[in-house]
Amino acid sequence: MITAKNITKQFGKLKALDNVSVSFAKGECIALLGPNGSGKTTLIKALLGMVVPDSGTIHFAGQDIANKWRYRNQIGYMPQIGRYPENMTIAHVIDMMKDIRKADSGKHDEDLIESFGLKRMMDKRMRTLSGGTTQKVSASLAFLFNPDVLILDEPTAGLDPLSSELLKQKIIKEKQNGKLILITSHILSELDDLITEVFYMQEGRLLFHKKLSALKEETGEIKLSKAIAKIMSVKAV
Amino acid sequence: MKKILKYVIVDIVQNRIVIIYTLLLLIISLSVFNLESNSAKGLLSLLNIILIIVPLICIIFSTIYIYNSSEFIELLVSQPLKRRTIWASIFSGLAISLSLAFFIGAGIPLLLYNADATGFMMIAMGLFLTVVFVSIAMLAAGLTRDKAKGIGLSILLWLFFSLIFDALVLFLLFQFQDYPLERLMVFFSFFNPIDLSRIQILLHMDISALMGYTGAVFREFFGNSMGIMLSFAGLTIWIFMPLLFSLKKFKAKDL
Amino acid sequence: MNEEGNACFPAKKQIGMNIKHPFAIVNIAFLLLLLTILSADAKTITVGKSRSVKTIQKGIDMANTGDTVLVYPGIYKERNILLQKSIVLKGINHPVLDGENKYEILSVKTKNATIDGFRLQHSGRSEMRDMGALNIYDSYRVTAINNILDDTNFGFYIQNSRSCTIKDNSITAYGKNEVQSGNGINAWRSDSLLIIGNTIKGHRDGLYFEFVTNSLVWRNISTRNVRYGIHFMFSHHDTYIGNVFEDNDSGVAVMYTNHIYMYNNHFLNNWGDAAYGILLKDITDSDISGNHFTKNTVAIHMEGCSRINLYKNAFYDNGWAVKIQASCDNNDFTRNNFTGNTFDIGTNGSLVLNTFNGNYWDKYEGYDLNRDRTGDVAYHPVSMYSMIIDSNPAALVLFRSLIVSLLDESEKILPGVTPEELRDTRPLMKRLLL
């Protein structure tokens, strides 16, 4: 579904992406892991066309995405920090997104809006919302258009445990629907039930990209967090 | 573009600062017309508002709005939209909302109390300056990522156009007092949208004085319909130049 | 316009009149009475294309003192008709006297004559001498009334005459430049003229007086002349009331004269780098009151003037209301309204020998704590920037910019350039009703 070849991106002196090549297939749920500043977010932004790589190519469903914008119709993106124009209501934001993507109207996936209970607060202005509620709006928007690819940047940060669980269930459901899901998260314990592959980055470079099952086998651990810890310690030695 | 524009406008017209700006303009306009014994004096106060306050508010508000919308802009960029559409929508949203604010705050009182050529020209120039300074704000915000620097830059730009530029022109005038500078002055005025607007209003308010001395040159150039067209064209260039330049920046920008 | 609402003269051409000189009217009435008595046993000669007397000149030749020559409608091309008798020459429905663009049309050299109701058109033009349509030479008590002069070079040409009346005539020329045009009413070395209710358009100068004294110019309209609406010099003791001078290329210029009285005249729309509502040069001992100066580049320009009292005038929407050169002294401005002018007073020196007290200035920003209707702090009507523009005219392009406003304000706080003595120590808080 998404293939990137040798992409490099430099911000000033900092190499955010250093010759990274990836291939993400449909039906997978991939965890993008790595310490802060390892280039995860930059990679995501490159996939979304928000950051233009200095070199390398990215293909989405077989098409080069350079200077293209229509392919984003098939992506749902949930940013790390969502901030919206403060005087818009939730309804405004959702309507606006629907207007932007009016391609297949009628087939909106409003599951999350329902389960997060956003329906009751449609008329609230964005500036009056808590961080958690804003995240709920962001998550709902990502799933709203039934996209083939979901990119979720720290999706559970700021969500209460209950909502977090609701979101996880939704992610699992979409995975089973055969979608490609990219997640970055610091809370590894949350990812155990979700992911099928691990993509680990450090200092802008790809460290490894493995199936979760293979990783567990290699390390003999059941928990993702432990497995990662083990593999890192091995590498460090 | 319509898709986003509608929502951006709804957002901005409800902004507290825009509402205060509108009310403030309205209060000032109504009071100058009601308190001053003759409307000429009221017009003069409004002229200062149009030439000084309107550009200041427009450029600073727009700059801050763009910075505050950076995450929203990021979200929009992640959507299936052309960057040009996003940038144009934000520009149009700001320009339309602030023009509306100006029209309600100053335009309507002008129409009520002074609906002559001077009044119409003042409204036209106020609207032009609003849009020009939104455009310049887009450029200031597009040039730097840092919010504080961006706001500083826009204040500096405002200061340049409203004060420093004219001070330099005045300095030149005195340095080269012995040369006929009238035509050069006309030429210079095109480098400052505030000057262009001021001269157009001046041609209505102080026509008697302008007809004396160098007046002939100004009348030749600005007084006829050709000059008015050229001035309007100049102001239109002032809208699109900064905007297109900032769009070029935005298209290549990493968010 | 007419803020007084003075309805003394409802006449259609008139705007805001005060009768200061009622004797003028009595004079006319007396004259008419005299003519009636004289013509008691006079005869009337009729002239017409289909009558026995076919030319006006022949009619005049046949007439005796006190007779009336009555001219029927038609076109009369008689070259220069000469009138040297005390008769009434009267046209019915404006018979046309045509000069064929070559000749003077009618020349009068007599006393006690009246020319009434003719149309004089296409008078001649000469490089060598001034050719008038209706000439009045060395005459006494000649009256020209209700005539239409159209496409003439000089309209009325009056010299060495006394007590003549030019009344209710319409005088139109189509002058393009100063050199080829003549004056509407040109008077030279005359006395006690009455110039009343004439409409003058398109000449070099609408009215031109040289050595004309003790005369009255009343209710005339002089517009769109290629030079001045009225231009006079060495014409002492003349009175100008209720005239309108509008849209003249250079406004009005008057020179080298003492004792002029100007009341309730209107000076309008005289725009240009050398156009003045009125240019006063070497005018002394005069009275200028109740006049309206509207939309002129310079409403009043004064040089070398002394002892003029300017009061109750309204200056509205002018570029400069008053430009007073340092060569003027003992002139007094009081109870005038200055509103909507770009600059109130301009001057070229720091010496101030004139007074400006008790006027209304709309730019005055002082206060009146003791409630005596005059401001408690003095008003300085000369702005710094007007002096800058005086020395550097191109600087006008920066007028009303922020930098200029700042300069002007700082000058108000710390005067350095503007003459400190040029001020109104008791500026009025309220506009006068003028």
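Think of it as A, B and C in the order they're written, each chain with its own count starting at 1.
The definition used in the following text is that contacts are C-beta pairs under 8 Å (C-beta built on N, C-alpha and C of every residue); 3 or more make two chains touch, one makes a residue touch a chain.
Predicted, not measured: the structure shown is a model, and the values here were computed from it.
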* Report the chain whose mean Cα position is at the greatest distance from that of chain C. => A
* Structure fact -> With centres defined as CA means, the chain nearest the overall centre is B
* Asked: Most C-beta contact pairs, which chains?
  -> B-C
* Length of the line joining the C-alpha centres of chain A and chain B, rounded to whole Å -> 42
* Whole-Å gap separating chain A and chain C, where each centre is the average of the chain's CA atoms -> 88
* Distance from the mean Cα position of chain C to that of chain B, given in whole angstrom -> 47
* **chain B residues within the chain C interface of the complex** => 37-38, 40-41, 44, 47-48, 51-52, 162-163, 166-167, 169-170, 173-174, 177, 180-182, 185-186, 189, 194-195, 198-199, 201-202, 205-216, 218
* Structure fact -> Per the touch rule, the chain B residues reaching chain A in their complex are 3-4, 6-8, 10-12, 14-15, 68-72, 74-83, 252, 254-255
* Asked: Inside the complex, what are the residues of chain C that reach chain B?
  -> 271-273, 275, 295-298, 317-320, 339-343, 362-363, 389, 391-406, 430-431
* To do: Would you mind writing out the residues of chain A in touch with chain B in their complex?
  => 9, 11, 45, 48-52, 69-73, 75, 77, 79, 81-88, 92-93, 95-97, 99-102
